[in-house]
Amino acid sequence: MKYIGLHFNLFPLRGVIGYLVTPFRVEGTPDLGRLTDLVNHLIEQGVHGIAPLGSTGESAYLSRKEWADVARTTVEATGQRVPVIVGASALTTADTVDMCRTAEDLGADAVMVLPISYWKLTDDEIFQHYHAISDAIDIPIMAYNNPATAGVDMSPELLWRMVRDIENVTMVKESSGDIQRMHALHLLSNGKLPFFNGCNPLALEAFAAGAHGWCTAAPNLIGKEVANLWNAVESNDFRKARDLFLKQLPVLSFILSGGLPATVKAGLALMGKPSGVPRLPLHPLGEDDARTLAHLLSNLSS
Amino acid sequence: MKYIGLHFNLFPLRGVIGYLVTPFRVEGTPDLGRLTDLVNHLIEQGVHGIAPLGSTGESAYLSRKEWADVARTTVEATGQRVPVIVGASALTTADTVDMCRTAEDLGADAVMVLPISYWKLTDDEIFQHYHAISDAIDIPIMAYNNPATAGVDMSPELLWRMVRDIENVTMVKESSGDIQRMHALHLLSNGKLPFFNGCNPLALEAFAAGAHGWCTAAPNLIGKEVANLWNAVESNDFRKARDLFLKQLPVLSFILSGGLPATVKAGLALMGKPSGVPRLPLHPLGEDDARTLAHLLSNLSS
Amino acid sequence: MKYIGLHFNLFPLRGVIGYLVTPFRVEGTPDLGRLTDLVNHLIEQGVHGIAPLGSTGESAYLSRKEWADVARTTVEATGQRVPVIVGASALTTADTVDMCRTAEDLGADAVMVLPISYWKLTDDEIFQHYHAISDAIDIPIMAYNNPATAGVDMSPELLWRMVRDIENVTMVKESSGDIQRMHALHLLSNGKLPFFNGCNPLALEAFAAGAHGWCTAAPNLIGKEVANLWNAVESNDFRKARDLFLKQLPVLSFILSGGLPATVKAGLALMGKPSGVPRLPLHPLGEDDARTLAHLLSNLSS
Amino acid sequence: MKYIGLHFNLFPLRGVIGYLVTPFRVEGTPDLGRLTDLVNHLIEQGVHGIAPLGSTGESAYLSRKEWADVARTTVEATGQRVPVIVGASALTTADTVDMCRTAEDLGADAVMVLPISYWKLTDDEIFQHYHAISDAIDIPIMAYNNPATAGVDMSPELLWRMVRDIENVTMVKESSGDIQRMHALHLLSNGKLPFFNGCNPLALEAFAAGAHGWCTAAPNLIGKEVANLWNAVESNDFRKARDLFLKQLPVLSFILSGGLPATVKAGLALMGKPSGVPRLPLHPLGEDDARTLAHLLSNLSS
């Protein structure tokens, strides 16, 4: 097991990693000023890391230039207050390597790489893909498993093999929603592999199972509640954590089921931080759903 | 919501419910003497309830007379030290009603009913099935969801509707292994529905999520470890609970993946409590697997 | 490959195998007089074999005595006009062996055996189960794969191994609805394994793929249409077969999706052959669905 | 239902649509000379349409310029001998519209559009996506359902609604491998919707079910066998079609299971038409698999 975290003095990473939306102007281009506001907003909520250009950030729908603009702006706006983990995923290995190099050049503290696929990839193809990326950069890689969006599912065995054998693959984000994957990662690595949970409705149990952190867009909308949950977990008070989690669970479930870009953007608009709508073919949240979201948020704060 | 637990002064039920195997003699008939020993063994491990004739007990493979013999012997051997929840499930409603009446007559404190199916059942068919059973008895019914063995999956919505609207359906055992079902039961019932976890590798997280108890055959083999885990949970020390759980997880996973009757019987043989082999077409644990089990158990106690 | 069909001069079996419901009297007991009528009705429709006590026949919901009564009556009513294939499946190997012996004693030409399960069975457990049955009887066994009702799925590899290596396992009924299983059976056996299709909406394609026959309850309701389809297939006129199949497909799909016992019994009532209702927990067809069925049948005959 | 096929005098399309690989030079760029050879090769095999830039053509892994080069070269090489259907799919609606316009400008006779997704799309999002494309062009659109690669599954109901209500969506390619989808398309459209099969091991049954054609890369390697199968189908000789199909099925299954770009390129190399290797992260066919492919092809031609 490699030492993790020489690059940034806030590593090894633990806690809540806040995921950004990519705000768009009315004409459809990224609104970098609003993005800076959102970075500040997330840090004020107490997140322990900032992650642009993930699933929430509509990374897959941006041009390469837009992607770089968002990465650059996020790094600058964060100003090393917390680590920045930049999502960098493309269908070809060559494009992914290029994006990861760019992220490093722009000052990212780590990259998060999802093996998005058209043709299903074999374990060996995935391994070599991550190896090529690792060889090209000098910052940590978070291997991100999200079969629902990537179209390919990485087993705990493969994930552990990559962390063990590929220099810069140092941590895992598990978004499959299957707690047994986390158990398997623990047992395979004898507890040495730092894994993060990326499934909102599993936050409580992932912490119970030993997750190093929670990768989530929820702090955009309910930062205080998320911070309280983390603090209860940190103080090993799981009865309190359960109460806090179950109270916020309707919001966590809703923003996931409605699609994170659409629901988080709708919630930000409700909070006076309008960030535009998702890019087509994605639709914005419908009016009924927006009312439901307003109702759920209002319930939570009352 | 009905009051739960007038029947037996140890209700409302909480804690570890220990599931019995049905021991067989060499010639294949139930060994009721050995069964009495196993009841005592489980109670000595500190279980808070005893459950004969579940999946572990090969209930589905017994004749009606054998089933009644096992139920009677278990109730007598338990002697009201803890509640006895008798598994009672048949393909027809008429047979299930008969079995539940018999269980009540024999002194069971509750029955656990699984909607085993040949043709898939609709929600309405399942509801009426449980209603007919409830109308016939005066003891609590634990609605048992285990799609892998029953062939039918009961949604949290259906389970909550049955607990709310059917007199004697007062608790749920969830064995689907999906923690989100437990969250849904909590949210639907506003926290009022007592649910039990029946999936061994989910024990830690089910407690985190608020399960009233753990239905498990593990105390047959690792009673002390299971009791320690429960005590850590009861004292809200989830860091300790996690360590204890992850240490026993290899055993919990192994006895599930190998088939509970075969693996638990193999483990009991290793412990000097031979209980015969499962009934055909089920095979006993193979030699290699038996060695693995011995190794896992020995690791745990060292 | 063994020679198939010494037992009955109508073997090797080909064509349409008609599946019987088990008619019940108002008080719930099997109506053996009506059963005799239904046997005659099916044979008049031109079926090439008669199959009582399958899924359609609610075999799983009958007592052992009822099961034997239905088997005996069917064999007697058929009077060797066509072969009789008796469904004989139980959870334990011992019970299944007993049933198959009884079927043979009662004059069945073959038995159809489904590996119904509670605990999932391994391939080896299934193989030994069929082997024990084969050792006990001297009539052919149709290995029946229907994962939706049995709870266990037999791969083409396992099915072929059983036909090759177990004396009396001589044919396969595939009801998984996956045409690729039929291709695999063909390729594995070099075209020697006779397979029958048990999925109504796949009838056309199974014939295209070389199925020896179609196991179906449809002739109870639309005997002429089924016979016409078979005749078109036999004369290698697949354009005509397609037209006939697509015309009857709405009925075939409806009787499957509504549950065969409920829908076929509702249809028989519409035809003046009332056969009672399915046994609880199964419900009879609702009024709206019964009207839909009447409409579909009327469309077809017009 | 709109009239289909004013654009090209070979419409309405029927028969075998041959899918091209995108050949790469050693240095990794598209080899447009080899591509021209492959177009001629396919047309010599008797295909009724040519399709570049599908799944086989690694369309998802090309830059926009490479994609346009391949489209242009294919149209020119085909020279209106048969229709050209250009694959044009991107994550955003805007990019897909641009690609479809380009395809039309380059002389494509139709476009094939797959709703590739990152976030799952709702039916409404998909409908609007196709509507926007249709509004931008004047050539037919083949709606392509392939959930395994697209990450989103279009129901027969949605497909039929699009063909009915969107001007230029005039045909469907179904690659889910589920024959019941084709039946549903037939029943919903009263037989008016022209559907094509895109699942090689389903070719025989799709023709039985009334498919207008077969979209396949197989003619690259076994053009004569594919043509013979089509001819048997056209002459309504399904016994002959079955024999031909089952003989070529091992090849059809192998090239699908090994990944079409890798296996077809390996086969072309065996035939003296080397076309390079797939683009990373996709790996070329391994040596053992290449030997198996050689063996299967040699068996077929002997």
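The chains carry the letters A, B, C and D, assigned in the order they are written, with residues numbered from 1 in each.
Here is the rule we go by: a contact is a pair of C-beta atoms (placed from the backbone, for glycine too) under 8 Å apart; a residue touches a chain by one contact, two chains touch by 3 or more.
Owing to the predicted nature of the structure, the values given are computational and were not obtained by experimental measurement.
Student: If we define chain centres by averaging CA atoms, which chain lands farthest from chain A? Would you check?
Tutor: Comparing chain centres, C lies farthest from chain A.
Student: Using mean C-alpha positions as chain centres, tell me how far chain C is from chain D in Å, no decimals.
Tutor: Measuring from centre to centre gives 39 Å for this pair.
Student: How many angstrom lie between the centres of chain B and chain C, each centre taken as the mean Cα position?
Tutor: 36
Student: Could you please state the distance in Å, as a whole number, between where the Cα atoms of chain A are centred and where those of chain C are centred?
Tutor: Result: the chain centres lie 52 Å from each other.
Student: So which bits of chain C are touching at least two other chains?
Tutor: Expected reply: no residues.
Student: Can you identify all of the chain pairs that touch?
Tutor: Taking the chains two at a time, the touching pairs are A-B, A-D, B-C, C-D.
Student: Sort out for me which residues of chain A touch chain D in the complex.
Tutor: 55, 60-61, 91-94, 115-116, 118-122, 124-126, 128-129, 132, 148-149, 151, 259-261, 279-283
Student: How about chain A: which of its residues touch chain B in the complex?
Tutor: 177, 179-180, 183, 186-187, 191, 201-202, 204-205, 208-210, 236-239, 241-242, 246, 249-250
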